[in-house]
Structures are given as C-alpha cells and as structure tokens.
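In the two assemblies presented below, chain A is common to both, partnered first by chain B and then by chain C.
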Partner chain A sequence: MLAFISARQAGLDDPLRLRRAECTRRVLSLELNKDRDVERIHGSGVNTLDIEPVEGRYMLSGGSDGVIVLYDLENFSRKPCYTCKAICSVGRSHPDVHKFSVETVQWYPHDTGMFTSSSFDKTLKIWDTNTLQPADVFNFEGTVYSHHMSPIATKHCLIAVGTKSPKVQLCDLKSGSCSQILQGHRQEVLAVVWSPRSEYILATASADSRVKLWDVRRASGCLITLDQHNGEKSKASSEAANTAHNGRVNGLCFTSDGLHLLTMGTDDRMRLWNSSSGENTLVNYGKVCNESRKGLKFTISHGCDPEFAFVPYGSTIAVYTIYSGELITMLRGHYNTVDCCVFQPNFQELYSGSKDCNILAWVPALREPIPDEDAEKQYLNPAFEDGWSSSDDEG
Partner chain B sequence: MDQKLTHLVEDLTTSGDPQLDPEKMKELKKICKSSEEHISHVYHLLMTQLNQDHAEMRFSAFQIVDELFTRSHQFRTLIISNFQEFLELTVETDYEQPLPPPKEIAQKLKKTVIKSVQEWHEKYGEAYKKLSLGYHFLKQNKKVDFQDVNVRTPAARRREEEKQKRLDNIYKERAKRAEKEMAEMSQEIQDTLTEMENCFRLLMPDPFDFRVNDAELEPVTERTANEDKPTSSLSMQMANCQPSLLEHMDDEQPCCSKDLLFVSPSLIADRNRDLNEELGLPEQKGVDSGEYSEAEITAAAISDDDSEIFVRNHGLGSHKYTLNLDVSTDVTVRENEDNTAIINNIIDAHKLIKNKFLPSVQSWIQLFTRAGINDDCLRRAIDFKNKLEAAMKKHKEMNIDYKERVRKVMKVSNDEDDDDEDEFVEVPEKEGYEPHIPDHLRKEYGLEPHSPPKALTKGRAAKPILLSNQSQQTRNEEELDPTCAAATLKLIRDKLPKLLPLNNSASANPEPATSTEPDSETRKLEERAKAPVIPFGLDLFYWGQDQPTAGKILKFSSQHRFWAPNEMEEEVENKEVAEMLKSRYITFPGKFEPVKHKCRAVMPDGRLCERQDRFKCPFHGKIIPRDESGNPINPEDKIREENKRFEKQAEQPEWQDPEFMREVEAATGVDLGSSRYSGKGKGGKNKGKKRKYPNLTDLKQEANTSRSRLEKKVFNKGAMKRVVKAMNRMDQKKHEKFANQFNYALN
Partner chain C sequence: MERRRQLIPATLRAKKRRLQPGPESGEADGRVEPALRSLASLFPRQLFEDTLPPLVLKHQLYSVVKDRTAVDRQLSCLKDEGLVRLFQLGFDADTFAVAFAQDYEAKVLQSVVGKDHAGTVRRFLGSVLTSCPELSYDKGQMLRDFGFQDPDITQLVNAGVLTVRDAGSWWLAVPGAGRFIKCFIKGRKAMLGLIQKAKYKEVLLSDLQSRQAPSAVKLGLPYHIHDLIGAQLVDCIPCTSGTLLRLADP
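For the complex of A and B:
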C-alpha cells in the first residue's frame, strides 16, 4: 500500500493502478460486518436489488410478496455502526402495489426520479420515486421474469422485457407502448440485458437453453445465437447445436466494459462469452450450483484488477475471478437460498438478498489496527473474551 | 493429547445419558483450555458427532458445544462460521434433513438448542453478526417462538388456535343455553327449596337456628296480644317455651290473627285446645325429648330478659346454678300417619333435587367455568348448588325413617282403582308382539319355564309340586313388579284365557296317558326346546293333502303364426318338482363343541403345552392322553415318544451341545464346528456381533418392525426381479398371441 502511494507520489505509476490495487484488496476482504446492517422490512424473500448508478447511494429491493423498498446506503452519522434505513416502501397496503412477487427492479439509469419494476402479476410499472405513484403500467400476457433498460442509451428509451412468452418485448417509454417484438426463442425468456458498450445490442437468455444477441435496429432476427461448442458439430448432437447451456439459462451479465458476457444455466455451469464474436471462451468455473426456476441476478465487480463475479450459490455467495474462473471464496451468511446480489462500485460493497428475508451488506474489512496492548484491551468487546474459569479443577 | 481428546469426545457423545459425565467434561475442558488448536480439533470432532444419525449422539454433542461456547471465543467463531449447518443439524431448519430418531430425544434436542440459541443471542448476539442473523432467521422465518417452550410449527399452532376458538364458541353457545335454562328453572328450584325448608321446619325445628325462631316469635306474640287478653298469657307461655310449635302453627294458619279478630272466646278456647293437641305432636314425631327441652330453654333465655320471670316460669329455685344439657344432633324422624303428607312432600322434593336440579346445576357450573363466564350467572349457579347441597345434607341429617312405601303401580293388575292408574294410557297391542310365549322359547325371554299347562287349567289348587315354594314366591313377586316381563305375561295370561286350552290340547295330545310324573314332563319339554324351529313353507301348507297339479309343468304352444315346434306335450309331469313341493331339506350340521382338552406335551422350559387343538397339535403331533407331568398314559404312545427323542438326539449328540462346544473352542482355539448348530442359536448371534456403542438406543431395534421386515422381503431385489419377470412373461404371451396384429405388436 505504502509502496503504491509512494510510487503514485513520485509519478511513477498510473493513478489507476493504486485505485485498482486498493479496490481489489477491498473486494477480497469482503465480510459480514456487525457495524453494517440493512433494515429488516421484507416479510418474505428478497428477489431483486438494484443500486442507482448516479450516486450509488440508493438501493431498491423487490420482495416476493410484491413489496418494493428503497434504502439509503450512505452513512452520514459519523459512526462506524450504521443501519441502512428504508426511506420509503411500496407496502402491501399501497394501492398500486404489485399483486405477486416482484422479479426485477431497476433505476432509471440517468436519474433517481424514476424506477421500474416488473412482477409475476404480468405488469411492468414505471414509478415516480418522489410520489411513489406508478407513472405508467405495461400489461403483458405472461408473467414477467426480467426487464432491463439500457444504461448508456441516449438515442432510445427502450425497456426489454422477458416474459413467459418466447417473444422479447421492447417497451418504449417515450410512447408508452410496446413498440417492438423480437422473435426467435422457443420458450420463456428468463433474462434480458442491454450491452453497456453499444446501445442497440441486447442479450436475452431463455429456457430453451439458448442465449441470443440482438441488434434492435434489425427487425429480421438475432445477430448471434451463442453456441457452447463454438460450432464444432462433431461434438454436438443436432439437438444441442446453437445452445449456450444444457439446461435453462437464467442468468446474464455483461462485464463492465461490455466485451464479455457471463451466462448461468441450470446445468450448474457458468460460461463466459466474447460478446462481439459470440465465442465461448471456455473458462471453467467448476460447478456453480443453480436451482432457481426463474431469473437469477448475479453481479460483477467494477474497477478491480482481476474482475470478480459474485454468484449466488445455494445459501452462499461464490466469488470467482472472471477470466481465470478461480473460486476465490464463499460468503456465508444467509440461511436460505440467495436470489440476487448487487455490487456497489464506489465503496466496493456487496448487497445480497435471500429467501430468508434478509438483505446482507458485505463490507470490506478494515485494516487491522496496529497492535497496541492498551488500546486492544479497551476496544475489545467483552463478548470476545474467553470464559474459562480460573481454577484448574473447574476447567 | 489429540488421541485423548478424540476418546473423550467419543465417550461423552456415545454415553446415551441425558447428562454429561462431569469428570470427563472437566478433563475435556482442561485440554481445550490449554491451546487453541485443541479447540479447533474439538470443534471438528463435535461437528462429526453432530452429523451422526442418532439423536442421542447429537444431543450429547450439543451439550458439549454449549459448554464450550460460553467459554471460548475461538470456539464461538468456529461454530458461528458454520452456523447454518449447525442449525440444520440441531433445529431441523431444513425440512429435507429431519432430525434422526429416536423421536423424543430429537424433540428434546430441538428444545434445548432453541433455548440455548436465545441465551447465546442475548449474551453474544451483538458481537457475532451471524449469530444474531441466525437468531432472527429462526424467529422470523421459522417462526420459532422463543417464549413458547414447545417447538411447534406455525401451522400446528394455527390449527390449535382454530380448535380453541371453535371450542370457545361451542362453550359460549352452551353457556347461553344454560343461562336461559337457569332462568327458567330458578323459580322452580327456589320453590322446591322453600318447600323443603318448610317441611323440615314442620318436622323438626332447627336446634341452632335461634334467630329465625325469634324473628318469627315476635309477630306471633304481638298478634296473640292483639287477639284477646285471656289467651295472651297462654300464647305468651307458648311463645316462651315452644317457639317451634308456634312457628308450626304459624305456618299452618298463616293469617290466624286476622281470622280470629272477631272470633268469640269459646272459639279461641277451642283453638287453644287444638294447639294443645298439636303440642303433643312433637312427641309423636319421636323428637328427642332432651333436645326439645333444650330448644325450649334457650329460646326462653333469649326471649325473656326478665330473669325473675324466667326463674318463675321454669320452676327453678334460684338463678345460681347452671343447667348443662347434652344435645344429640343425630336425629331420627319417624314417619307416622300425622306427618305422612309432609314426608311425602319431602320425598318428592328430595327426589326432584337429587335427580333433576343438582345435576343440572352442576352442569351449568361446569359450562360456565369452561366458557370462562365469570359473572352473575356463575355466582347464582354456585349459590343454587350450595343451597341444594345444604338441603340435601339436612335431609340426610334428619334420618327420616320412612315407612315401607307400597308401590301403587303394583295394584294395576288388581281391580282396585287407584289414582295412579289414570297415568296408564291404553296402548294398542304392539305389532309382532307375542302374547303367549311358547314354552321352548321362554328361556330366551328370561322367563321361568311354564308350569305344566294342565295344572294351569285345573287351577292353582291342583298344582303339582313342580316348583319349589320359594321360587313360586319370587315369581309372584316378580309378577307384582310391573316392569318385569313376568308381570305382563301374567296380565296377558289372565286376559287371554282362551289361548290356554289350545296350548293345553297341544301338549296333551301326544301323551294321552297324562302321566303326572314330572320327569317325563320335563324331558318332553327339554326335547321340545331342542327341536329346531323352521319357517313356514309350502310343504307345511299342503301338509297331508294331495295336490292334483303338483309337479306338472305346463308348456304353452308357440303363438307364432308359421313357426311352431312340431311336437309338444302340453303338460309334463316332473316327479322331482312334485317331490320338492312335499319335502324339505334341512341341513343339520350339528353343534359346535369347544375343545376341552389340551395338548399338554412337555415343552423345553418344563411347562405343558397349552394348545387346544381338536386332533393334532402342530408342535407335538397327535393329541394323546397324558398324566399330570405331561407323560403319555398309553404305553404305545410312550414308546413312540421315546423313539422320537432318540432320533433327535442322534442328530445332535449330547457332547456337541453348542454352548459347551463354543466354550471348548474358545479355550483350545480349534474349530469344532459349533457354528453349525448355532444357526438358530439363542445367544450366538448377539454375542458374536457386539454393538459398537452399547449405551445408545439401538435404532435398528426400533426400526425392526414387522413392516420393515416385510419390506425387506417384498422389495428385495431378487423378489422384484422375479415378479417383473413373471409379469413380462404374461405380457409376452399376449404379444405372441396377437403378434401378427400391428397394434399389439408395438407395445
């Protein structure tokens, strides 16, 4: 650390380098911290989380009972101990609350004044954050598994929606209608995500084990269908051709630079694809336990040297390096299946939601204080002390 | 050290005791205290024990965990780092991983863990984040009620609540009904109570109830004073000495003063005489004289302040001495013609209270308490109960000596018309009712056998001495009882005399000699009782008659225009049919006779075989007569049995006694082949395979149910294969049969 700082002072290093090193160190030391808590509002499992990209301060969470809660993550109390407060929530008593489980929530990428939520009650709602009233409601024929809005789009305002029908729908916020339908999948669409690199590129994953990349300007069909065998027909039977996984594909995530795409399937595999060529990079992550019947929200770190993927793995969160496929650690803390996790890039914090109704905050561990005898005695929590009785007989 | 640790943990967890051995625990703690490495070692050992499929092991392991948790920070961190698994193994948080048997221990384990987790949370929850997370998880997701010691699932709790609610509703409903009932009945109860109370007072004054007497005394004296001067002295005296009597009088003539206002002195004198007559009444009632005088004196002492008058009135010399009188509280009231009416009243009231009021009041109280109603109703009900009980008690204390009551209903058969007879409504004869029960069926009806019919017709005077005098008497008594079948029978017999000759003739016909010997009579009766009763049929209908058409079958010629059978006999006579109309088959399988003998062969343990087979015992062969000790009586049986024993011994020579051989083998180390005999050996199997942890409950033993054994047989691989093969063969056969048809060929 000191070496990095001195090198930075001397101007030997790129400023990015210090930042990267520190980020990586912090991500590697993520742990549950007793000082950081998220207020317990949800009475049932937490399906989805999203942190707004503008400030990285507000977090939305959607519960499986239709409740949406908005948290403030920033700690202004000047104390190490902080409980993320729920600022407001769309509770069960709210007139416009989702009837069934909320599957996806997303902030409007450019402003915190608006957010979107989709649910199993076959609707997609556009909310005004300040009044907590739905500004617009899109109705669909099937349950909505996932929706996404392009984080970088400036020329369009489309929300891609994956529903129970195999057609991917594009809803235009400007006109308030479903403007476009992308046909190509054969079964329900479990995950949709826009590329962070090019505003017209969309990736969709479906239960027919295919992942397709689309250019929404092209109406005729998809750009590429990702193939796990990279077109080597000899290995693949005719049925498995052009499939990304051997089971349902329920997780999609672009790397922050948009060059690669991570997919998750119920065949307990995670695959990394080159998003421009559609090539399987054949990184081996080992078995990634995935029993979810619906979409799975996983996330990747931002600004670290080897980038990390945080993947729900049963009741734990597995941390992998993206490009080498190495399992770094398992974060244990939830008592039931973890459904979603989201990374806060500014402070390298991770938030995860689980079926046990908890949202846990994983915070980088502080550096060990310099071992100072007196200070240690003072600050040591009495609970950490050993309770052996002093006499030898007692034990 | 590590070895010792392993041993200690294993010993502690496999002891099967509900409490840990304190000595070993102390040792374990001492080792753990010495270094952190031991702690992590212990942690891993304990986790393996917690993973065992035995609730007792898990329970003991958890107890060690609990001990160490409160002591070592290191241990706490270790446990909490894997708290999910820990909870899964101990509290059954994962429904797919239920706690292992035995069930009671598992429940106990769950309870203890939940209690401990709460304690841990209170103590360390702040410092260990995951501990508090786990606690909240249990509390909010698993809905564990930490206050409620019983671990119940929310569903069970809800079910219980619903049940409780339903019960509450029912109780409330019932309580409401009871309340209504009570409102209706309370007046009646009150009346009955008053009636009874009055009756008691009439019969006998309450020796301790002075105040009541006083209170009632006052108006009487006033009244008498009002009446007339000459009588006043007498009534005054009466009041002084016999309050009870006055009260009596008061009750009988409640408005005497008004009536007497204009009555002439002569009448008053009459009345006084009357009173005097009544004065004698208590003696008739048999009231203890001592008690009586006591009442007199005390009453006087209270009512009369003037001691002089007191002394004078009682003819006492002075006021200096005291008079002690023993009051015997046990009273007997004898019934006589004077108080019959009162006592009848009392009896009625007592019956009413005992049979009707008290039970209903008790049920009300029960209902109210159960419904949780705690207001006026309950209080009133309890009040009633107390009053009723007091009345009952008083009744008992009175010791009323009832006269023998003549049951008037008995007189129904007599000609005397009674009031009671009005209550009997003429009932039309019941359908299917047999007014005359045939002799052979009398037993079934619970009646004594009929006296010989002849005797009946001739009148009772000529009755032979068939039945003993005593039985005759009891019979008569029975006849007097209207509820008894005998009485009805007698009534009917009296009413229907015309049926009797018929009976008589029927019985007289077969035996013209009319032998009066009771022996033959009874034998005949017995035989008749034995004879089967058969339903009425055609054969009986045409009994002794000749039927012209019997057995003839009529065939009608065909009505068809063209088609007709060429030859046809119109009438066919069938002998069999004709026979059928005249005869009847009665199958008589005989009667079941239970086996009375036993096998009684000697069993290896010295007892005699208790089996009761008719001919052959499945274990000891043909049943033969045997003596007390089980040896055959007949010599040839004895020989046969001996032979058999020899044969058996030849199979297994005496010196090859398996146990003895085993001992020899153990001593010499040479295999003599004892295992050959111990196939069914009593202790051989268990001895050979010693259980690893003898102190734990044997799960296999528990799982070894008849069902599991059957399962083993039925679902055994070989059996399944056989069945599948057989079924396939059957399928195959069908296929072979229809192989050339395409739709069968395919499947």
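For the complex of A and C:
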C-alpha cells in the first residue's frame, strides 16, 4: 500500500492504478457490518433497488405490495453505528400508489427531482420527488416486467418498457406519447437495458430465449440477435438456433464501459457477450441457479480491476469475476430469496433486497484501527454492550 | 476468507507472507490433455468388449481442472486441431462426450469389418472426418461437399456412425454407444440415490471413494464421482475432514 502511494506521488504510476487496486481490495472484503443497517419499512418482499447516479446518496426501493421508499445512505451522525433512514415513502395510504407489485424503479439519470416506477398493475408512473405526486402515467395492455431509461442520453428522453406483449414499447417523456414499438420478439419481454456507451442502443431479453440489440433510430428491425453458439449450427438442435439461452432469458446487465453484456437465463447459465459484435465470449460461470419467473436484477461493480458481478443466487449473493468466470464468494445473510442488488461505486458498498422484507448493506471490512491507550473508550454499538453486573443488588 | 486473501493481488499484500497451502490436487497443472488421458483411463473398456473408444464427458474435465473457461478454450483448440472429437449424446442438450480421434476411428473401423457398408464408412472417415471438426452434418453439406448420396447416408446410419437429428441433418455418433449411455444413466441415478439416502443428504468424498460400488454402477465409482462434481449435481464443501459432497438443490 505504501509502495502504491509513493509511486503515485513520484509519478511512476498512473493515478488510476492506486484507486483501482484499493477498490478491488475493498470489494473482495465485502461483508455484513454490525454498525450499518437499513431501516426496515417494507412489509413484503423488496423487488427492486436503485441508487441515484449523481451523488450516490439516495436509494429507492420498490416492494411487492406496491410501496416505494426513499432512503438516505449518507452518514452525517459522526458515529460509526448508523441506520440508513427512510426519508419518505409512497405507502399503501397514498392515493396514487401502485395497485400491485412494483417491479422496477429508476431515478431520472440527470438529477433526483424525478423517478419512474413500473408495476404489475400495467402502469408506468413518473413521480416528482419533492411533492411525491405522479406527474404522468402510461398505461399498457399487459403487465410491465421492466423498464429502463438511458443513463447517458442527451438527445432523447425515451423509456424502454418490457411488458407481457412481445412488442417493446418506447415512451417519450417530452411528449408523453407511447407510440414507438420495436417488433421482433415472440413472447413476453422480461428485461430491457440501454447501453451505457451509446445513447441509441438498447438490449432486450425475452421469454422466447432470445436477446436482441436494437438501434432505436432504425425502424426496420433489430441490429443483432445474440446466438450462444456463435453461428456454429452443429452444436444445437435446430429449434435452438439463434438463441441466447436454452430457456427464458430474464437478466441483462451491461458492464460499466458498455463493451460487454451479461445475460442470465433459466437454463441456469450466465453468458458474457461482446456488445458490439454480438459474439459469445464463451466464459463459463458454471451453474448459476435461476428459478425466477420474472426478471432477475443483478449488478456489476465499477472501478475495480477484475470487474465483479453480484448475482442473486437463492438466498445468497454469488460474486463472480466477469472475464474469467471464477466464483469468488457467496454472501450469506438473507433469510429468503434475494431479488435484487445494487452497487454503490463511490464507497464500494452493495445493497441487496430480498423476499424477507430486509435490505442488507454489505460494507468493505475495514482494517482494524490501532488501539490508542489515552484515547477515550471506543464507541460500542449499544446492542453489544455488556449489561452484566456482579453485584447482588438489583438495577 | 483464505481464498479471498489469495485473490487480492500480491502487490497489495503486506511484506510478511504466511506459508501458502500447497495445490489441492495432483492435477493442478491446468492443462486439459493430461486430464483427458487420466479420465479416459478410468473408462472400463472390458465392459463393452473393447468395441467403444474411451468416452469422457466434457463436464468431468471441470472437476479435474478448476478453471472452466480455460477448459472450454483448450478443448475447442484440441477439437480444431483434430486431436479429439466431440459428440452429442442425446440425453441432454448441454452434455458432450469427448473421445480421442485416433481411438474413435480405430473402433469404428473395427466395428464395420466384414460388413457391406465398410467401404462407405471408410470413405466417410477418410473424407468428412478429417476435414470437418463439426458435431453434426446436414444434407446439403453431405451432397455438395462430399458427394454422399441418399443410399450412402442410409448405410452410414445403419452402421451407427450417424444418428438422425431432424429432417435432413445428422449428429456424428459412436457406434454401439447406446449400451454406454444406458449404463451411465443408471449409474448416475444410483449414485444420486446413494447420496439422497444418506443422513442430511451429504457424504464425505473419502468415505464415498472407499465404499463398494452399488451393483447398478458399472462404469466405476471414480468415473461417476467426476461426473457428479463436474455437472454440479453435488456441491463440494471443504471441511476439516476433507471434501464433503452435498446434494445440490434441484
């Protein structure tokens, strides 16, 4: 560590190298911390989490009962023991709350004044954060599985929506219209995600085992359909030609540089694709159990040297290195199936939501501070204080 | 935690190094070919009266060489060079059998000696097998590139070298492999039943290896153990008494 710092100081090393090494070290030491907690508001499973990209301070969560809660993750209390408080929530008593389970929430990518939420009640709502009123509602014919807004778009304000219908709908925030569709899938669309590299490229995953990459400016059709055998027709039976998985594809995530795409399918496999050529890189992650009937939300780290994928695996979270396919560790802590996880890149923290109504914070295990003899007594979490007394008197 | 500390790049670790534990198994080499040969030696030739080449399932390699991506890459290099051939066995879309090309050709020729279609099979082996490392062939390819007509193709199917995949395309097959597949499926079921009946559905690896093979397991215990571990039908949990094999949740 000192060698890194002195090399950085002398200019021998690229400034990014120290940062990447330290980020990687922190991600490898993620664990549950007794001093960090997220306030428990949800009364049913947490389906989705999103952290705003501007400051990384506020987190949204959507639950199976339609409740949306906003948390402040920042610790200004000057104590190491901190509970992330919920600032406000759209509860069951709110007049415009979603009627059924909220499947996806996302912050408006450019500021925290707005967020979007989509739900099984066939609507996509655009909320104003300060007043907590819906500014607009889009209605669809089928249940909405997933929606996503491009994080880098400046020339358009499109939200891509994946519903029970095979057509991917694009809703325009500026005009309020919902007329553009992308046709090509044959069954319901389970996941949609925009590329973080190009503002017009969209990837969609469907229950018909296909993943398609689209350019939304092009009216005629998709750019590429990902093929797991890379064109070698001999490996599969003829019905499985041109499919990304041997089952429904229900998870999609781009790496932070947008060069690779990770997909997860119900055939218990995860695949890594080159996003510009559509080629399967054939990295083998082994069996990644996937029993989810709807979309699976997994996440990729940002700023580390071998990038890590955090994948919900039953009631644990499996951490894989992306480019070599190695399973690093399983993060255990939840009591029931984990539904979603998000990575906070500024502090290398992971937040995960599960069916047991808890959101857990996985924090890098810090190096132990050197104990100081004349310093005041170290602050101890009141839950761990020893209340035993040897005297016979009571109290 | 041990594994995680090993993964942190060496430059970040403190100067004092603890003694690292030695490599877990003898084949920590990471090379696929020696692993293939050692697994092929586990195949019981005498059970099938020496008519089958030693068949190794691709996922058995994952239990010997830990890095799956490296196994896949090296195997596809070996396949392109023509050293090994891959076959689709038919009971699972993802399961592939691997056999050395020389053994395969020798056994095929041995199986057609004295039969009518020997000439066609020899021609097939000579022309198609040497040029195409594929797993399956379709009608257009056979007609155009290699000049095999319908009666020839029927002879090849009768010889067992080709199996029907769907209308107009065929998988490459091993003649007489049906007996192997039957023994394999029965053996796998027996092994899984063994672990299912154990208390807590788990069994120590050393304990399993020292047990007598149940009568349904004809291919040998080590062969099936590699199969179960590689296909991730059991989870390998390291514990103080060795490796524990626990049945994976379906």
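As a working rule, the second predicted complex is superposed on the first by the 368 of 395 C-alpha atoms of A that agree within 3 Å, B and C clash if a C-alpha of one lies under 4 Å from a C-alpha of the other, contacts with A are read in each partner's own complex, and residues count from 1 in each chain.
Keep this in mind: contacts are C-beta pairs under 8 Å (C-beta built on N, C-alpha and C of every residue); 3 or more make two chains touch, one makes a residue touch a chain.
Every value quoted in this text rests on a predicted model; they were computed, and no experiment measured them.
Novice: Would you check which partner chain A:287 touches, where first means chain B only, second means chain C only, and both and neither mean what they say?
Specialist: Once the two structures are laid over each other on A, A:287 reaches chain C alone.
Novice: Would you check which partner chain A:34 touches, where first means chain B only, second means chain C only, and both and neither mean what they say?
Specialist: First partner only, chain B.
Novice: Could you tell me if A:336 is touching chain B, chain C, both of them or neither one (first, second, both, neither)?
Specialist: first
Novice: Pick one for A:358: touches chain B only (first), chain C only (second), both, or neither.
Specialist: first
Novice: Under the contact rule defined above, give the chain A residues that sit at the interface with chain B and also at the interface with chain C.
Specialist: none
Novice: Where on chain A is chain B touching in the complex?
Specialist: Touching chain B: residues 32-34, 40, 315, 332-336, 356-358, 360, 381, 383-389, 392-395 of chain A.
Novice: Enumerate the contact residues on chain A facing chain C in the complex.
Specialist: Residue list for chain A touching chain C: 1, 3-4, 21, 24-25, 28-29, 232-238, 240, 246, 267, 282-287, 289, 305, 314, 324-326, 328-329.
Novice: Which residues of chain C touch chain A once you look at their complex with the stated criterion?
Specialist: Within the complex, chain C contacts chain A at residues 3-4, 7-9, 11-12, 62, 67-69, 71-73, 76, 88, 93-94, 134-138, 165-166, 169, 232, 248-249.
Novice: Can you name the residues of chain B that touch chain A in the complex?
Specialist: By the definition above, chain B touches chain A via 25-30, 32-33, 70-74, 81-82, 84, 87, 93, 123-124, 126-130, 133-134, 136-137, 140-141.
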